[in-house]
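One chain, chain A, links the two complexes that follow: it is found with chain B in the first and with chain C in the second.
After this line comes the complex of A and B, so read on.
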């Protein structure tokens, strides 16, 4: 187990290093010059040059990279060019709506997909299974903003019962107001997450249910639900957990689109605005932080295998 | 592969192809996917025959006309024919998806085979791929778009960088598995060069899983392009893509629901057709994975 953890930590560090190189050189090979962007078209050449000097844009790339990394390790990602605040402050301001949205959506997606997947696997080949599989297949083909647009059309425009734009905090406006603004974004995002989870739950349950020990459990006369939950699902859970971890990436990505559509001031909208304004430090910081979260979550899940599955704990293999 | 093709194996290969085709045609869903895809591709390819006046004709007097005989899908805020925009949008979306798939297929195959076959570079290539894959695709694609001029070529380039690692990973896994086969040992013993082994013995044997992965990339690339365009960081206006048509639909959502509904259906059908086709191909080419 120790060797396994050490190996994984090492590979995470290497991945982070490559990632930082990539992000840095990506945002520095851009066509637009942030200094002239910031000052607008009225600025003189001297002003632009002075600002470039202040921002350190005239240093050699390698120096800029090492300065950036050294600061980043201290938790300082520099200042946003356009928002009058540091990157960390900007992220801190915008992270709550995104976390809420992602959390609610993931919970809803799990509530939909795991029972659906289990039932489909149990009734493999029957109408339920075909229905669930068809739902999953169609669902996989719909981008999240189409769900969003359709929900806006129906609940916002036709029925006029739900707000379609904006964000209200729980503290200030109360739970019901908060959720009335969040419900459409949550459903749009959950519907994009659910199909893949359903598919994976179904296929890993089908696989587990065909194993011998399930037959033994059946022969012993155990109740169907006990077999499904205690015997089968526990073993299928590993695969489901992996996909859950990987789906965090698409969740964040989906959040970017959904936040823009529903005008929620979260990280996703922050990313989109940073990109449209070519706000280098903000783009770098955001991509690095979001990827870091993604890497940490997946690392944690890898470690969890050891806890959940004793076979891995003993052999040290994944 | 070559030797067998010359001799008795030729018949067997033809038989196996026939069998695969038979399995595929028996799968009714896959055939439905094929039909949808053919229809969509037909619309995209013959866009200028179907709508010879093109997607750009504006007529401010004819803004927001509801679907009717002349404009079966209505008109948008600039009085452009929504049907024409959708047909040309399909063309651009398919073009982006197809070129992305082709380029990632080539680069991914080469990188994956090198990583899988030569242990020394395996670590380097796979660490780079892992790092790239740790950035969520939409995030990576818009970050790349911020570094490039907005154009179709840039969108395709961004998508290729996003998806090449995925193909490379599949190709690497398949290469490592194929390397264990005795025929590779035999070829090595005969003194075949690494290049020859990779091209003649490994490449044909890892095609199936890579092609299956490729169809999914085709579908997700279309979705990703649409998402990018929807965020305003994809195909620049006025060129239509399914994504930026829907982006413009957002403005008129309170007055003109046809701007959302028809392009939305076109988008879903395009991706759905390819996804079903991909599932069918997987059942035929890579039966173990199901």
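After this line comes the complex of A and C, so read on.
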């Protein structure tokens, strides 16, 4: 197990290094100049040139990269060009609403889709299964802002029972206020995540249920539900977990869209503004942090595999 | 001896029909046989003749809502299992009737340890607590002759050799002391030495625990070694039944004769090709109107082509399903 963890950590470090290179050169290869953006249209050529010099934008790209990475390793991602704060501060401010939204939505999606998927697999071929599968297929093809818009129209405009814009922290406004603002964004995002998870749960359960050891479990005298939730689900869970990890990307992307729709001051808005203004340090910091979150989650999932599937533990050992 | 002859399981006219996308398939059609208390009954037949379907029908393992319908009767200790509710069946499965399967690796759940898998039945049927059940699981593994059982209880299936896995399957099946053990080709996936060891173990357990065993195999040699009685199946039907010595010394059905002739022995002349029954098993549903074996039979007559033979009791605990058995045996 130790060796398995070691291997995974090593691959995380390599990934991060490659990623940092990629982010840096991608950001700097985009057209547009942050210095002229900062100074506005009536700045003179000399002023712009002077600012470029100050920001280090005239150094060779490789030098800029090493300066950035050296600072980053010390935990310093520089200052945002436009916001009067450091990159770390800016991200710290915006990351909480996003993480909350993503987390709540993913939990809701899991709560909906895993029981639905298991149930559909159990009733394979019956009307309930066809119903669940059809819903999942339709759900999969609807983009998340459609759910958001419909929910806003119905609950916000027609019924007027829920707020449709803004964000309230738990600390300042309390739990109920916090969630009354969050509930529509959460549902919109969860509805986009749930269909895929439902389909995966169903298909991996169907596959596992046809295997020999399920027959063994039945021959032991176990109840149908025990076979389903214990023997089958424990085995199907690996596949579900993989898809869960892979869907983090679409979760974050979805969160950014939903934030814009519901006017939540999260990472989504921060990213859009940073890119529009060519705020290099902020873009780099943001992409790195988002990737880091992605990597950490997938790393955790990889570790979970080892816990769930004894066969993986062994292959790490050898 | 009187105890031994008492009937444990009696299957009467069992017919198992599957619903498939291409219509219904009757995999076994009117199978009857019995197993006595403490007896080892061999069930022999070529691949696809319905041995596994018979055994799994006895435990009613198929999905009855969607897949299968059973007809006939399955008496276990005098009670018809086909009249049992699913809940009642659960008190039989793994408790009174247990089963071991051909491929132990795929039949064991990869994510649970042997201990966890064996103790499950104990907790379910004997109301044991986890700890107690684990101790008993280790004891069962020891009984099957697995080396270092105290370590093996904590092992996962993939960490064991094929022979050990099959022993673990046996431990799992026997932990609640079932009255009937159905072993569906328990040694087919193993090499000859391990095969012999497992068979020896089964015989030993049969003696000490006094349970009835239904040993399914396509290897007549195995049957000759350990069974008292045997039924020969062909295409979903029993074609011959009798005591082991009678069947080997004096087979009545041409199919049985063919099977016995095709067992290679050390005396077989290596230059001669091995005997094979001509043709192959026809697909289910294409049996035609007459005897199911007639296309492959050297002795088939017009009657065989048109009238399906009934199974006949010919005395001395023997049964045969052939129109011409008395003429054939004289030849």
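Everything below uses one rule, namely that the second predicted complex is superposed on the first by the 306 of 318 C-alpha atoms of A that agree within 3 Å, B and C clash if a C-alpha of one lies under 4 Å from a C-alpha of the other, contacts with A are read in each partner's own complex, and residues count from 1 in each chain.
Simple rule for what comes next: contacts are C-beta pairs under 8 Å (C-beta built on N, C-alpha and C of every residue); 3 or more make two chains touch, one makes a residue touch a chain.
Note that the structure is a prediction, hence the values are computed from the model and not measured.
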Touched partner set for A:235, first chain B, second chain C, both or neither: second
First, second, both or neither for A:301, with chain B first and chain C second: neither
First (chain B), second (chain C), both or neither touched by A:218: second
Touching partner for A:125 - first (chain B), second (chain C), both, neither: second
Partner chain(s) touched by A:184 [first = chain B, second = chain C, both, neither]: neither
Dominant contact partner of chain A by residue count, chain C or chain B: B
Touching partner for A:283 - first (chain B), second (chain C), both, neither: first
Touched partner set for A:309, first chain B, second chain C, both or neither: second
Contact residues of chain A, present in both the chain B and the chain C interface: none
Touch list for chain A against partner chain B, complex: 11, 14-19, 22-23, 26-27, 29-31, 137-138, 140-146, 149-150, 152-153, 157, 203, 249-250, 252-254, 256-257, 260-261, 271-272, 274-276, 278, 283, 286-287, 290-291, 294-295, 298
In the complex with chain A, residue positions of chain B that touch it: 127-128, 130-132, 134-140, 142-149, 219, 223, 226-227, 230-233, 246, 249-250, 253-254, 257, 260-261, 264, 267-268, 271-272, 275-276, 279, 290
In the complex with chain A, residue positions of chain C that touch it: 56, 59, 61, 66, 90-95, 98-99, 101, 103, 106-113, 120-121, 124-125, 156, 158-159, 172
Interfacial residue positions of chain A with respect to chain C in the complex: 125, 211-213, 215-223, 231, 234-235, 308-311, 314
